[in-house]
Every structure is written in structure tokens, then in C-alpha cells.
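Note that the chains take the letters A, B, C and D in the order they are written out, and that residue 1 is the start of every chain.
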Amino acid sequence: MIARPGVALIGCGRIGKVHFRTLLGRPDLCNLVTVADANSEALATVNSMTSRVSTTTDVDQVFADPAIHAVVVASSTETHASYIIRAADAGKAVFTEKPIALDLEQTDAALEAVDKAGVQLQVGFQRRFDSGYAAAHCRIQAGEIGKVEMIRDAMRDPEPPPLKYLARSGGLFRDMTIHNFDCVRWLMGADPVELFAAGSALTGREIDRAGDIDTSIVTLRFPSGALASIENSRRSGFGYDVRTEVFGERGGLLIGDSRQTPIRRFDSNGVHEDHQYFFLERFADAYRNELVAFLDAVSNESPVQVTGIDGRKALQLAIAAERSRELGIPVRLDDQLRTISITERINANA
Amino acid sequence: MIARPGVALIGCGRIGKVHFRTLLGRPDLCNLVTVADANSEALATVNSMTSRVSTTTDVDQVFADPAIHAVVVASSTETHASYIIRAADAGKAVFTEKPIALDLEQTDAALEAVDKAGVQLQVGFQRRFDSGYAAAHCRIQAGEIGKVEMIRDAMRDPEPPPLKYLARSGGLFRDMTIHNFDCVRWLMGADPVELFAAGSALTGREIDRAGDIDTSIVTLRFPSGALASIENSRRSGFGYDVRTEVFGERGGLLIGDSRQTPIRRFDSNGVHEDHQYFFLERFADAYRNELVAFLDAVSNESPVQVTGIDGRKALQLAIAAERSRELGIPVRLDDQLRTISITERINANA
Amino acid sequence: MIARPGVALIGCGRIGKVHFRTLLGRPDLCNLVTVADANSEALATVNSMTSRVSTTTDVDQVFADPAIHAVVVASSTETHASYIIRAADAGKAVFTEKPIALDLEQTDAALEAVDKAGVQLQVGFQRRFDSGYAAAHCRIQAGEIGKVEMIRDAMRDPEPPPLKYLARSGGLFRDMTIHNFDCVRWLMGADPVELFAAGSALTGREIDRAGDIDTSIVTLRFPSGALASIENSRRSGFGYDVRTEVFGERGGLLIGDSRQTPIRRFDSNGVHEDHQYFFLERFADAYRNELVAFLDAVSNESPVQVTGIDGRKALQLAIAAERSRELGIPVRLDDQLRTISITERINANA
Amino acid sequence: MIARPGVALIGCGRIGKVHFRTLLGRPDLCNLVTVADANSEALATVNSMTSRVSTTTDVDQVFADPAIHAVVVASSTETHASYIIRAADAGKAVFTEKPIALDLEQTDAALEAVDKAGVQLQVGFQRRFDSGYAAAHCRIQAGEIGKVEMIRDAMRDPEPPPLKYLARSGGLFRDMTIHNFDCVRWLMGADPVELFAAGSALTGREIDRAGDIDTSIVTLRFPSGALASIENSRRSGFGYDVRTEVFGERGGLLIGDSRQTPIRRFDSNGVHEDHQYFFLERFADAYRNELVAFLDAVSNESPVQVTGIDGRKALQLAIAAERSRELGIPVRLDDQLRTISITERINANA
């Protein structure tokens, strides 16, 4: 039992600030020692809010400080793996924003370091900590709807991110669908055996030119014969749209339909409601809950709820989806989620 | 202009009785002359309701009667094509329940007869006449959500039909998904160029043994790059579920979520609502509307809204879906919705 | 048992046409013999739809015709009572649109004639036959929410009727709230013992000048201590609004929230739905159901479900509401729903 | 401008703990110096969470400490007024839980002290800071629905509080309806001129014996003729129910219908949703927002959004409601919300 473990936050941008507020507001669960960010402007916010947390642009201090038991990594994606490795080597538990890395090589290097050091690693798939998703998972596990037969998991962003972001994002499947891959695996309680991905670039020329897509449907098949469909779009035209439907032998669960304000307007054109605009609002509680769960695991030296393997598997599915889209055919996956060679499959189907 | 055309109804089973009530209740639009059914018990219902409509177990009378301008075919599926041909040969307009036939050969024979006779033929895709679907189609056409980018079309039955029905149904894609194929084509305003079908038999051994499936996801790609996903299940575990979502550049439309009674119950377990149980309730108005539209077309000698070609194209897509599922790969379709040969495609992808 | 009783319809205006369609479409339940209307234009519609129903501008024919077992009165309000009396004197069952009359004297004359003749009389409180209200009543009776403690019953029209209509309407309480008085009595299963009415004229000068109101809240107290609140408005600004909430010891029921088309639109301004526009659409099924129930009662010579006494009691409550509003204080009611004198009450409270 | 004002919290029970968490989590907005509670057990929670906040069972320390600029009073109701007076006398700004006091005498004493000292006083009507209510208020002010014509404001608790609580609560109108009185005044933008209250004791003998009620409907009339209806129940049988409907010339707003988890379940019995259980969950954000607004006002030395006069007026309306219920007639209010004498009114109506 580590009471109120010392924590460092690396990265204090958009999502980093969210985590900062959570850590600062829970002095009962942790002692936020340091916030590190290469950008000193990001640190100004921290300094304006509290004088009890040290700030630094030198991330080395974090790994050297023995008062720090756990590190929360919210820096830019390409730095995640190296910070995980350095934290692990220093014997510190790690919470990392998704993804661990954009390729399997770096992901595996990070997982090996964590494994060798025997530290905890939690990946930021925050949906698992949303009250709606958590309740659905719990009810499915309890057998409320019987054996799961189909899942439909939709996620749409209000509008495409800047091209600069897209260029470093890893593409639609690794950047966006990766959340859905984790979610579907988790709700189904199994890994898929086959996957077919269809995608298009519909929002404009730039995405197409970059070889990326903005609209996709991925179909997955599971060992039981259960099926899943994942819909993604970079531009919904109406706001953030995260809804998941799970159908079983005895009924279904519909997660989503959240509203920013519980208000309905009636006028001569009909009935009108607001909806959630974007992910920070939709998942505000989930972002708090995932850090609390991580801090609990660190304090109690107990297993985390979303492991590095979960992070790796979601990435594998993203890579398989890219392969399926390139080839124009489904890809089969073995029990390690490795793509089974196409030659073999074509022969089997000939 | 044919004022109050004479109409015959062939087949007075479950759906036939629905059409009978509509025709009987609209003496202003038609003159229901005869109801024919091989089963004299089905006719007893007609006789108990009115003495002004003749009944017969001899369908030949229908085609011979010059007072009959139009025939409504609601008999069992395998008889549709031959009745359409006989009605067309006798110069009568035809409304037929879907499908025209379970194979392309019979379908084409029926369409040729209709073509040669120059009579009207309307196919019973009743969804197009549902207030929700019709409003959605109208709004899409008006450009309300911009160019359509994705459609999700789900249909679930409460529970599987009897095995006897299944054996003659033509299989999931020709019997059930055929509605969705028509709906997606209609809402998209285009024919697909590619289709991938995944299916499973999850509700029990019998369906599997019969080589049929009860659960499927079909992905379609359209010339513009737009994508669609069709979900079907023979057994929802909770009731009839017909919902369609259409996403465009500037927003989305969600069709469905109908309730049998507008009542909500609050108790210590939460908030509870009824929902529609099955298709006769869900589409009661649509079944009335489609016949009214047909009678209007007959009276005004104007084109029908759902043609034989629509019926044929939906069947082609069902056949393509079967092929995709058997081969385990997507099938490409030419502009006549003919499957492009696999060999060619494999070579292209190799 | 009277199989397919002969029926006459008196009055073929807006609501009369609705009843005409129901009667015509159910030849299994009745034989619609005659439609009478002083206005020959209204009859033109009937003649254009069918040649099997005779039409007349001479209502005397209806009462003289022995083939007519039952009369449906849908003429203007001031004629209801005299037609009920004439039908009863001729031994015919009567369905009458609400109200029986706008004052108690004529109402009592009609009820006495009905009583003396021993014929059936059903009053057109169509809400009782709406699937939502009927289900709610049934659940309350079955004890699903325990003893009823509070009811909130709201009804709003989209916009005020023409002044000409208002002038002959009997005022807000007798014309509009009368539906709510019946509904609350029926759902509560008891008559109120006290009533307080507050009202205002907010939509314009004309209503005020005519001494009428367009906006009101009536509070009722029942013998058990249960309370009810009735809200009315002649002008909602958004469409027809009929919603009722019933709260009991163990939960609540919310009736309403109906939508004209089951479609939701998502755009950058939020989520949008249509709603029902007016009573003919909202209660289309209820209008059919109430006539079917009446025809069943006539055929089976069994009691009707909404009696003349129900019609009288609703009128008594409307009159009590007017009195409460004029005096500015609550009025108490005895077990015959007669107002207990104010002098007595003031003394009691002094 | 007072940057990060020093704050003391008095009372750390149920609602006090909520405020404690808010104050602790916003070191950028305030410096939480001390938590005082007569009950040392309540303070144990504070000490377990942080060592940076001093705790004391001696409330005198709060008023003597010059580092404290503002006091948050969350102690038991009967202590509110005296703490407000002592804080005001010491020149400190005050946020107090509602009500200021259970009678007008103490309320006025507190308001005078505040007035004399020229300090800020904010009353804890947290609804005004709920996103739904705040949006509704804003839209009404912007004229979105035109002139307000009717408000319906319902509040139901899941089940009655302990008798011990009830005995000291001041009765239904002063304890519970007081929230609705404030809410209706605020949304209407005006004070009522008349009020009629009906109430019953339905949940059990104890409430009745104590002379209190558990179920009530209050009708209010405003100078414009607009009407409002307030429904209250101590026992809904299904959970916490806070819903408000505002109707204007051009439409309506419905506030409420909140759900604890955005999840819907479909099974063979229908569609099911959770709902909010009680006020701490329903108004979690509002409780945070009201303290943030108070701290902003203290820092910027600007007016608070819910004043002592607002608190006093809500209490006056509660007292008027009691009087109306006792007398069984409506009470009229002058522009100071003083009850106009009954004798005068009876004479006027005689």
C-alpha cells in the first residue's frame, strides 16, 4: 500500500490539462509533485493555479525524482513509447494516453520495458470508465442480454482535425478507430478472427492526397460467429456522435444519446434538443474516473484495468484494417491477432 | 383516367387480410370485385365482413373478368411470378408483394410479360410509404443534410419464423435483407458498386443445417465513395427493430424509435417504454399508403413509385450478398448490378 | 345480439367525416344506411366516395327509418341534445360528440329521454380509447403504481380557433377543459370534492372582451386527499400538446410525447423531432376505437364505456370552474358534484 | 480584485462535503484555510484528504481570522442566520445554504447585518447554476419563446426524509417548495400577485400528526396574467424528479428528463432507462458552479447572482402558501410580497 503516491504529469496540452485538474483535485489519492512540458507556456497555466506543484521543461527530472511513484504521460503521441520506457526503467508506474505508439515495434519495446521492470501500465481508453459503457459492460457480464450476437459501434467527430494533426495521426484506423477496436473487444469479451474494412475520403482532397480516409465501416467476426460493425467519420456535420448498440439473445443495450443540457425546446418547427459537442465534454467524468482507477491500482499495488496488451491489440486491429482496405478483401487473424497470409486464404477459397 | 378501377385480391392470408381491409375501406378509390384464395377458410373472413365482394378458390376467374383492372398479389411467394404474368397477359395492372420471385429467371420472365403488355407493376416495398422514411427521403432529396456519406440500416425480427417458412423463404438475404437493399438504394439515390456480406447462424442448429443464416452485416460501397451498412437478425430478443440512420455532409437523420403506445412508466427501477412489436403494427399506415398510391397510379394511368426493376435490383443484391458470404470476399458489381468475376478481381489484387 | 346494426350519421363536417370513414370501412360491424347534413356540400364528399350510402339534408328521415338502430351525432354543439332526444324517442342508440349540451338543463333533458327510452348513449370522450390513455388506465386499475396521489393533465391547442367558433363554444372550461375533467375523473377513479380555477386572457383583446379566457390552471382535490392540476392554453405556439402524468405510491406514468413521424434530425444546431400537430392526427386511432366500442355495445346490447352521466359530470366541473374563477376562491362540491354555497364556506373559514 | 481569497467552510455534513471538494479542487480560485464543524468526526474526512487545510470544532476561529475573506455556511438550518450575522460583522462575504432562516424575523436580522456591513451574500439556490435551467433562463431572456404565459415546476423526492429531519424542516413549503418559489420567480422575471396552495398528507400518519403535508400543488398568478403551477411530493416512488416546463407565445421549453447513465435497454418488456436518483447527483455540476460564481464575485468584488432578497422572497412565498392552505382560499400579495388581509378580500368578493 502506497498512501498518496507521488505523481508527475508529462505534457500539459489539451488532454494534459484535464488530467492536471483531476490530479490536483484529489490530494487524498495522490501527491502531484511535478508537471513537465517542453513548452513553458503550457506550464504557465499550472503556475497560475497552484504554487504547490513544481513545473519544469526538463522531463529528465521526472525520471530522476525518487518521490515520484507514478507518471501520467499526456505528451504528443510520438514521445509516448520512450517516456514509458524511461519511467519503467526508473521503476515508476505509468498511465499513458492512447496509443502507446503508432507502430508495433515501438509498442513492443515499451511493453518489454514495462514487463522487465514489473511496473503497472494503464492505457487511456477512457470509454471503459464512462458510466454508460461501464454499466453496459457490467450488464453484459451479468448475462442480462444473454450471449452477445452483434455490436454496432459508431463514432463521428464534428469536423476534421487540422491537416498538421492528420499528418502525424497515423491515419484514421490508428488514430480514431483504435478506440472502437478496444471497445468492441472489451464488450464482446473476445478477440475477432476476421475483419473487413471499407473506407473513403469524402471530406476533401487533402485527406485523399495524404493517402488517408475520413469515412469507414469495419466489419468484424468473432469466434462464436458474433459480428460487429464499426462506423467512423471525421466530419459528422452536427457534433460529436458516440453511440454503441449491443444485441444479445434476450435483448439489446443502447449506449449514448447524451445531451449537453437536459433541455428540450418546442416551437412551430418541432422539438429540439442540444447534444454533446465533443469528446472532452462527453467523457469529462470518464477522464476523471480512469485516473482515479489508476491511482487506486498504484496505491493498492493491484492490476490496472486497461493493460498494455489491450493497447497493443487495438493497434494490431488498426493495422489489420489498413491491410484489409488496401487489399480490398477481409483479413483473417490468428489467436495472437496476427494477419493470416493472403496467399493461404485465396488458395483456401479458390 | 379510370374512376374507381375494379380490383381483385389474390391471397388472403396475414398480409392479404391487411390489403383486403384497405381496399374495402376505400370505395372512393376502387371497386373491390373479387378475393381469390386457394384456401376457402381464408375467404370465410371476407364473407363474414361483407356480402358485396365475391370470393372464389378459382384464381382463373380473376384473369378472365373484364371488370377487373388491377390485381393485388398477396399469395405465397412461389406463385407471384406466374400470377404477375397471367395478369399482365390479361392487360391488368399488378401490385405484388415482395419479392417478384426468388430467382432472376422467374423475375425476368415476369418483367418481360409486364413490359410486353405495357401494364403497371408496383412491388410491395412498403417502407417507402412510411411517414418516417418518406420524410427522410424527401429531406435528403431537398439537400437538407448535403451529400449522403453513410447509411446504417438495421432490421431485426422479434424471433425466428417457423422452420417451414424458412425452408421456402429463399434465405435471409432474399427474404429479409431485400427490404434493406431496396431502402438503401432508394435513400442513397444510387446503386452500389461493391458489397461484402458476413453472416452467422446463431439462433439454433436448424437454421445452420439448412445452410441459412440468421444474423448478418452487409457493407456496401457506392460510386461516390459513400458507404452503407445493413444489419439483420432473425431474433432480436426484444421485439421488432427497424431503424435507419443517414449521415451527410451537414448532419444526419435518424428514422425509427417508434413506440406502440405513447406512454412512459417511472418506477424504482427506472424509466420504461413500450415499443412496436412487429411489422404489421409498425408499418400499418405504410401498407395502406402503398395501395392508395398504386390505385392512384392505376386511376391516373401514371407511373408507379416502386417498379419491377426496383424489385429485380434488390434481388440481385441479395444474390450478390450470398455470393460474397460463400466466397468470404467482397464482390464487385457492374452498372447492371451483375457480379464482376472473382478471378479477374483476385488477379487485380494479387 | 344485433348483427351489423343499421347506422345513421348526422353531421358530416370535420369530425363527422372522420366518423364517416370509420363507419364505411367497417361493413363487418355496421351497415351505414344514411348520412344527414343540413349542408348539401358536406354530403357531396360522401356521394363521391360511395353510392351505397344514402344522403339527405332532411334529418327527420333518420329518426323515421326503422332500419337504423343507432345514430352518430356529429352536428354542431347546439343541436346535440335535441337529436339525442329524438333518437332516444325513436328507440335508437346514440353516440354523441361532446358535449351533450352547453348547459345542465338541456343535458338533463337529453339524459331523461335516454333513460326513459332505455337506449344506449355514449359520449365522445375519445381520449379514453387512445392506446396510451387506455394502457395507463389499465395499469392504474391493476395497481401498478399503487394508490394515485397526483395527476397533471395538460392540453394546449396550436392556436386559438376563429372568434366565430369561440362565441358559440361555451368558453374555455366547457369547450376544452371538459376533456380534462373527464380524463382526470376517469384516471383517478373518483369525483373531486374541491376545485380552484385560475384563468387569464393572454392571446389577444377579443377573447378578453368576450369575457372568455385562453389560459388556465385548475386544481382539484379528491376525497382521498389526492390532488390534480389541469393546464390549458388556446395557443401553445408550437403545436398540439396533450400530456398527462399520473403519480402514485410506487411510481408514475407519463402519457404523451407523441410524434407525427418517427424521425430525428441531427445538425449543427442540435437534435430535432417533429411532433403531432393537432387532435385529428393525435387521436386518429382513438376516434376509430371509440366508434368500434360503441358498435360492439349496440350489437351485443351491452353497456357503453362512456355514459351520459360522465358527460354531465364533466360539464358540472366546467361550470364549477367558471364559478371558482369568477369568485376568485375554491368551490367545494358535494357527492353529486353540486357546488356547496359560498356563504356557508366563508362562514366556515372565517 | 482579491486574488485567491481565503475561505472558511462551516459545516461538513452531506452538502458541506460537496462544497469542501469544490473548494479544495479550485486552488486557482480560492485558498481554503479552515473547515469548522462542531462534530469532530465530520472533520476526520477533511484531515484524511489533505493536510493543508486546518480543521476546528471552534467556529469562533473562523470569524476572528483575518486571512479569511469569505465564509461558506453549510451547517444546520437553525444556525445559518447567526453565522451570517457574525461573518457580516467581521466583514466577510457569505455563501449560505438555503434557507437563510425558517422565519422572517431571523431572515431580516441577517439581511440587515449584511446590508450594514456592505458584504456580499449569496443564497444556495443551486438550480440557477444547472446547465439546463441556466440555458432556459438565458433563452427566455433572449425572447426565444416570447412572453412567458405558463410555468409548470415539479419536484419530487424519492422518499420522505426521517421524521427527525421533518420536525426541524419548517414544513414542506419552507423546506422544499422554497426552491420552486425561487425558480418560478427567476424564470418568470416577476413576483406573483396571488397564490393558492392545496396540500395533503398521503405518505403516512406521522406527517399528518405533525401538522405537515407531503403532497402539494401551488398555483401562482403574475401581474401579466401569466400563471404557474408548482407540484411537490416527498415520495415519488421512483426517484428524484425535477422537471420544469415554460410556455410562451411562440413555444415552450422543457427542462429535466436527466438520466444517470446514457444507456437504454431493450428487452421483451420494452425499452428501459435509468434516471437520476437524488439531488446530489442531479445537481452535482450546479453545486460546483454556484461556488465558482460566488468565488468570482468575491475576487472581483462584483454583485452575486442570488441575493439575500431572493432568499427572503422565496420564504415569504412559502409562508403565504401555508396561509392559503390553512384558510382554504387564495391569498393576494402586494408588491413587497406581503399577504393582503383576508377581510379586505372577502369584502371585495362578497
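Everything that follows uses one rule, which is that a residue touches a chain if its C-beta (ideal position, glycine included) is under 8 Å from a C-beta of that chain, and two chains touch if they have at least 3 such contacts.
Keep in mind that this is a model prediction, so the values were computed, not measured.
K.L.:
If you tally the C-beta contacts, which comes out ahead, C-D or A-D?
P.N.:
Pair with more contacting C-beta pairs, C-D versus A-D: C-D.
K.L.:
Using C-alpha centroids, which chain lies at the maximum separation from chain B?
P.N.:
D
K.L.:
Roughly how many whole angstrom separate the Cα centroids of chain A and chain C?
P.N.:
Those two chain centres are 57 Å apart.
K.L.:
Report the inter-chain centroid distance for chain A and chain D in whole angstrom, where each centroid is the mean of the CA atoms.
P.N.:
Centre separation, chain A to chain D: 40 Å.
K.L.:
Pull out every residue in chain B that's touching 2 or more other chains.
P.N.:
If we look for residues of chain B contacting two or more partner chains, we find 145, 236-238, 241, 250-252, 266-268, 274.
K.L.:
Could you please specify the touching residues of chain A with respect to chain B in the complex?
P.N.:
145-147, 149-150, 152, 154, 156, 194, 196, 198-202, 215-217, 219, 221, 224-229, 231, 233, 235-238, 241, 247-252, 327-330, 345-346, 349
K.L.:
Quick one: in the complex, what on chain A touches chain C?
P.N.:
It is residues 158, 236-239, 241, 259, 266-275 of chain A that touch chain C.
K.L.:
What residues on chain A touch chain D, complex-wise?
P.N.:
Against chain D, chain A makes touches at 21, 24-28, 48-50, 52, 131-132, 135-136, 139, 144-145, 250-258, 260-268, 274.
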